[in-house]
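Lettered A, B and C in written order, each chain numbered from 1.
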Amino acid sequence: MISIRNISKWFGEFQALNKCSTEVGKGEVVVVCGPSGSGKSTLIKCVNGLESFQQGEIWVDGISVANQKTDLPRLRARVGMVFQHFELFPHLTVVDNITLAQCRVLGRSKKQAVDKAVQLLEMVGLVEQQAKFPAQLSGGQQQRVAIARALAMDPIAMLFDEPTSALDPEMINEVLDVMVKLAQSGMTMLVVTHEMGFARRVAHRVIFMDRGEIVEDRPKQTFFENPETDRARQFLSKILTH
Amino acid sequence: MLPLPSLIDTHCACSGHLSLFTFHLSPVLPLAAFDFSVFLRPSPEAVLNNLSYLLVGLGLSLLLALASWVVAFVVGSIVGVMRTLPGRIAPSMGVCYVELFRNVPLLVQLFVWFFVVPDITPLLGDWFKQQVSPFWQEFIAGTVCLGLFTAARIAEQVRAGIGSLGPGQLGAGLALGLRRRQVYLLVLLPVAYRILIPTLTSEFLNLIKNTAVASTVGYLELAQRSASMGETTSRVYEAFTAATVLYAILNLLVMFLARALERISALPGFLGAGGNK
Amino acid sequence: MPFDWSSIPGSLPILWQGMIVTIQITLVGALVGILLGMILAVLRLSRSRILSWLAAAYVTVFRSIPLVMVLFWFHLILVPLAAGLLFPGQRLELGLLTALTAFSLFEASYYAEIIRAGIMSVTKGQFSAGLALGMNRGQVMRLVVLPQALRRMIPLLLTQAIILFQDSTLVYVINLDDFFRKAYNIGNTVGTLNEMILFAGAVYLVICTLTSGCVRQLHRKLIVSPVK
């Protein structure tokens, strides 16, 4: 489904990504972890073209991201993304946040879009908040709306960029629960996160990145029980003592 | 009595000879007590009386300000957005525009639009000078000049407003498959404009004040009228006090409307940029 | 385009005279304006409600009327009045004096706001820290608050001076011959009005672009460690 081949990216002189390669198959849940500055967010943003890259190729469902002729907006509509800071549109209600792109990009009628929005809000447990504005919701609620917004586009894959890092601890679980449900329903997911509990529950593979490189890319079990590299081992020991 | 200020003769094609209003200093004006009945006395230039003379001036100032504001808002938004676009061409063009219109004095810009441009424009220019009435010549030149001048300032504010939203909003819009144009129109600008209401209000108030410059090409707005009323009635204090009061009232009115606008457009719980962070 | 620039070189001496007037207005207006503005700012921040209110009224009035009107005011009323009282019976060349007075008092209201905002941008914590060290209010203002406030203010004060430099062209309405008015008169007399207007515009453009560029550089150097 998602094929990342030899991606290298520079910000001016600074190399953010160094020959990163991996594959995410249909229905797979892959977790990307690593210390900050390791390039995880940059890598995931390259997948839907929000960040450009100088070398390498990325293919999403057979479409090349870097190809000049690719209609990026159309591609992005097929891949959902959830951001660390939720990024709901503050001037629109919850429902309008979810229907905006459905109508403007997919051309659905307002009724279709609202029905879909309500259905998804039920799934994430927020249907009563549909007429509220983002600023009236808690962080956890906002992030769940953001997930619903991305799902409303019927994506073939979902990208998560540290979805719980900006949340207060008591709200992390409500978001993770939604993500677990999504994973169990068979969605292809690429998740950048520190939440190892989530990884242990539903991930198929874990990727460990450090300083712009993919250091480990293993099935979940083997990664947690027996990391190959010292860097991964150090990282795990720091995270898992919490 | 002192000669009335002579207005600018139309700048007709034959000569460039213009006489501007000249004020002769009278001997020291006596500090007489204020005589507000002067406003009700008939004025040689106005339909009704001196007060109506000033009120029409206020109306003309406001009219010019509103017309210029339309130009300024549209052009300023476009240039401001251009400055936030990726790449090098659009932002550079935006910078050039802003630098050009901010570094030439307003009066000079007005004279360029009123004198130079009609003179050097091949067909339209001649039509402008000959077929268009003096009032409309002044009004159009004033609108274009003030509009483009103010647009440079609005562009900077729009740029700052969009910048204050953070890069995440643009990313979120693009990630949903919206095109850049759609993200700007549906997401970024609606929020940015709400944030900018206070600064745009003060910009509009500035614009109202700047309309006084149009009097140099003969547009009879309030400031000019207060001076000439002072001359004709030799009640200069009263005239200027009235004009000051009228400007102040206009100021208060605009600010009241702006606050109402802020209230109408307010989003529950939203306290400026980054409300959801 | 049939532009005739030939009249420009010959008129440079006259234009220079006008430029001197422009520079005088800018310098005096800025310096006196800043001094007066400082007084107004301090008055506004003072404990006395009357003084604070008076300063606020001054600033509000001058900021709500056009500069053109202020020039008219001074030209028609205040300066002849003062001259008549001080030098009765004499006919004086009052144009420049009117301009200098009007601009100084007008700019003071804008400078007052810049200075007040600059002082207020230094946090109360700094003020408290100074007091806690045993300094009195005056010392804290002088040694702690004002130095920091000045670093923030200087770019804005300079920018306001550039605006003043541009606004000085408005002495046109009181028939004072500044640089632009001279250019206009020459253009009118010789018949090269378009060329003179464009030339004057270009001169202002170059001067203002360069100076505002310098102010931007200065701004960058001064913001080393933002306090707020």
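Just so it is clear, a residue touches a chain if its C-beta (ideal position, glycine included) is under 8 Å from a C-beta of that chain, and two chains touch if they have at least 3 such contacts.
Nothing here was measured: the structure is a model prediction, and the numbers come from that model.
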Partner chains that chain B and chain C have in common: none
Most central chain, judged by mean C-alpha position against the global CA mean: B
Far-end chain from chain A, centres as C-alpha averages: C
Pair of chains joined by the greatest number of C-beta pairs in contact: B-C
Interchain centroid distance [CA atoms averaged], chain B/chain C, Å: 21
Chain centre separation (chain A, chain B; CA means) in Å: 48
Distance from chain C to chain A - Cα centre to Cα centre, in angstrom: 55
Chain B residues touching chain C - in the complex, by the definition given at the top: 16-18, 20, 22-23, 25-29, 31, 99-100, 102-109, 111-112, 115-116, 119-120, 205, 209-213, 215-216, 223-224, 226-227, 230-231, 236-237, 240, 243-244, 247-248, 251
Chain B - residues contacting chain A, complex: 166, 168-169, 171-179, 182, 186-187, 190-191, 194, 267-271, 275-277
Chain B-facing residues of chain C, complex: 1, 61, 64-69, 72-73, 75-77, 80-81, 83-85, 88, 94, 166-170, 172-175, 180, 184, 187-188, 191, 193-194, 197-198, 200-201, 204-205, 208-209, 212
For the chain A and chain B complex, residues of the former touching the latter: 45, 48, 50, 73-81, 83, 85-91, 100-101, 104-106, 132-136, 142, 149-150, 153, 166
